[in-house]
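In this document, chain identifiers A, B and C correspond to the written order of the chains, with residue numbering beginning at 1 in each.
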Amino acid sequence: MLILLQTLATGIVLAGLYSLFAIGLSLGWGLLHTINFAHFSFVLLAAYVTYELSTAAGWDPVVTMVVTAPIGALLGLGLQLFVTTFKIDVFGTLIVTFGLFLIFEAAMAMRWTADLLRLPSEINPYFTSAVRIGPIRVSMLLTIATALAVLACVGVWWLLKHTRTGRGIRAFVQEPEMAAAFGVNYPQLSLVIAGIAGATAGLTGTILGMYLSLTPTVVEVWIAVVFAVVLLGGLANPIGVMGAAFVIGMVESFTRQFADPAMARLMALVVLIIVLVFRPEGLFKRLVQEARE
Amino acid sequence: MSEHPLLRCRGITKAFGGLRAVDGVDLDLGEGEVRGLVGPNGSGKSTLINVLSGHLPLDAGEIALGGVPAAHLQPHRVAALGLARTYQIPRPFASLTVRENVRVAAHFGAHEPRPADVVEEADRWLAFVGLAAVGDELPDTITLHQRKLLELARALATRPRVLFLDEVLAGLNPRELADGIALVHRIRDLGVSIVVVEHIMRVILDLCEHLTVLNFGKVIAQGDPQECLRDDAVVTAYLGADDA
Amino acid sequence: MTRRQLFPPRVALGFLAVVAVLLTIPTLQQRVGFPLYNLIFLYLVFFWITQATSWNILSGYSGYFSFGQAAFYGGGMYTTAILGGRHGWELLPTLPVAAVVGGTIAALTGLLVFRLRKLSGEIFALFTLAVALGIGALVNNWGVLDGGRGIPMGRLDYPAWLGDTTQMLYYLGLLLALVAVLVAYVIQHSRFGAGLFAIRDDEKVAEALGVPTFRYKMLVFILSGMLAATSGGLHAMQVGFISPDGAFGLRIPVFVILMSVVGGRRHWFGPLLGAVLIHTVTDRMAGAGYAEANQIVLAAVLIAATLFLRQGISGRLVERPVPPTVTFVVAFLLAFTVGGQTAIGSAAVAIGAALVVLFLPDRWLRSWRRGTDGDGPPAGADDAAGPAGDDEEPELDRAQEAGR
């Protein structure tokens, strides 16, 4: 029974990390028609920034978020400006941002080399310490990630549902011409979304900077599982992202606990493939249905 | 309705959610016949074409083409039986030239009869619709009228027995319209049976021997064009109940 | 019944001449004694031509852009590594098995993904990526296949008449590249190719015209997988030590996409051209110790080609074949003889020069022609190049519209 609860708790915080990672991608794809492969680069760059500020400048790693979130937001804005300037279609963004991903990867390899960089535990107490709820222990770091994820997802959900900006964006995605006629300034609103998506990448980066040993290619293993969450979640549906992350997190946590730990990531991919085959639109509905198929 | 029509449809039904877009439609098309299919917007004409061409799975009903059951077939199998269609908004293959567009159709299409030479076959149909001069152009460099003719050439190159023309004559100027009507006559003279979906009454009366009128997915009148257009239900469907 | 010729004499002679020249190179290398590295370099060119071409018959011709090339490449590589490296099979019998493995992976993936009701290009791309990463994870974690330790190839037996390992790789690599290019050529000029191109432009219309779209997509996917896996199996011999990261990582998809996009996806010649070009540049940059800078440059080229060069270099080359070819030959000979460069170095220089000439604005070239050979062919030839060049912009708009 205890093991079961412990596995559940681990799955939940893992889900938190995944939803934080995926929410920005999901927003960009669903609302801006930008499949941002470079999201992974933004995350890694933020992770390196957290590492640098914590080791060289002596900041508390959690505090570095005040820097990494704006950096991520700026990168997101820049990319969105580029995409609108060149009028790149959905598929084009996938290839172009894939190119950007490779550029970032090489540039980070030049700056930080291929060596493993890990925050020493005396600077990074969050990694080793744990939150206790009765007999159950969960990683302090992942708990922070989960708190951030819930904040981000619920915040975005509220923004889309209940603010003028959100209504404008949704109107535009559904009926672009109608929305424009009613004075929805899509270029401006899209920058807001791109900024938010980028900022979540910055936050994710800070968490990963504390969670992993950094190398320029370390994010590659996250690509599949994060895209799995994005696709399962139903595009641009923050609550769906949390739900999908929950499913994947649980599958991983239970596989790790009761089967082969090495197979945990593989199981997540299997879930993705099964769901895509039987429910290609994802487990959850898109928050905003498109005008055209 | 004859005993053994070329195309025989019985009780065709297709629903989207709760809405029955096509509701128990019977439609026959004889050898060499030209039949008009009319109805107000949203009456189910497009859905019917999509069901008959295999693009949408039908919920109930039977389709037979030349005596062969054609319901629940994939679209390319329907094409192989000899049913071709044009699209209301032309959908040429954008990166292929006009000639290559027609060649694709000549390569595939109906199983019988196979053309001996696809290249010549394609050129023949280009000449037939009058596009020989723009064969090497890309579709987006020719006019909308020419793109509609390309739709026709492509459909003809599939060697159809039954051809659905989805508003190919809409939006043409009077001269082009007269040429278009003459072209449809020439297609009929080849022995192709044709279903014409059209809004322009002049086209319907000029071309069609029989008419099928749809409203809310049901056939409300069938038969001689002049009589159909005088039918009370048809007048009501088009003009609204108050004016009837 | 008139039958159109699949191989017009000019094309057939061209193929034969190129293959004949390439076949003499290993012998020539032994007689004249030029550096062995040239043979290895050419093998790698053959390898990339095979990989890029196999990717392109699926992704370029049918428009289904795959990020999962590594699934087939890695699948083939591991087949040869397990059968040959671990169980002591001879090399040649492992290759057909690799082909079957690649074809099977493609068939299973295709059965899953092409059955989806609404399959968009993005989903296909990410799905194939997930399959490749999934197989990589499986190999990495399952001891029966690998378990993460990697497999040393050791010495595999092969018929002695193929020469030493370098020569054997060269001959077999050439054979595979030839097969791949011929397959791509034949498809492009056949009914099958017409159907695939139609699928790429508008799958629904293609289906309505009678193209059996599902069968064609499956067929080309399986062909592509078989070619890539066979080539991957042979490449295991070149790599020597097989690891899951090397076999299923992002490197292979990155390069095949890059080569085909830059070379041009709508022509059998595109990936070939892209492979020669990109591999030569990469080889020179890596030789000079600029591996990271190379990745940045290549990725920038990928972005630029996606945005501005929809038809790839081959599209441009079809419009303007002569000046760049002449430039290439002249520059190569000059660099090799007068400049004292190595063969590969000269090739790199010549490629650079040819690219510059290829992308000179049409106007410049026209005025240059008028200036030099004013009494040559009159304006007719120029006019042929003019409108074609001007067409580029609407082309781009249309492609974008189609994507929306």
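Quick notes on this one:
The criterion applied here is as follows: contacts are C-beta pairs under 8 Å (C-beta built on N, C-alpha and C of every residue); 3 or more make two chains touch, one makes a residue touch a chain.
Note that the structure is a prediction, hence the values are computed from the model and not measured.
Averaging Cα coordinates per chain and for the whole protein, the chain whose average falls nearest the overall one is C. Comparing mean CA positions across the assembly, the chain most remote from chain C is B.
In this assembly, the C-alpha centroid of chain B lies 43 Å from the C-alpha centroid of chain C.
With centres set at the average Cα position, the gap from chain A to chain C is 34 Å.
In this assembly, the C-alpha centroid of chain A lies 49 Å from the C-alpha centroid of chain B.
The residues of chain B never reach two or more other chains; the list is empty.
Across the assembly, chain A contributes no residue that touches 2 or more other chains.
Residues 1-2, 4, 191, 194-195, 197-198, 200-202, 204-214, 266, 391, 394, 398-399, 402 of chain C are the ones that touch chain B when the two sit in their complex.
Interface of chain C with chain A (complex): residues 65, 112-113, 115-119, 121-123, 125-127, 129-131, 133-134, 137-138, 140-141, 249-250, 254, 257, 261, 292-293, 295-296, 298-300, 302-303, 306-307, 400, 403-404. Against chain C, in their complex, chain B makes its touches with residues 53-55, 74-76, 79-80, 84-85, 87, 91, 93-96, 100, 103-105, 107-110, 116-120, 138, 140-141, 154, 158.
Contacts from chain A toward chain C in the complex involve residues 29, 35, 86-92, 94-96, 98-103, 105-107, 109-110, 220, 223-224, 227-228, 231, 260, 262-263, 265-266, 269-270, 272-273, 276-277, 280-281, 293.
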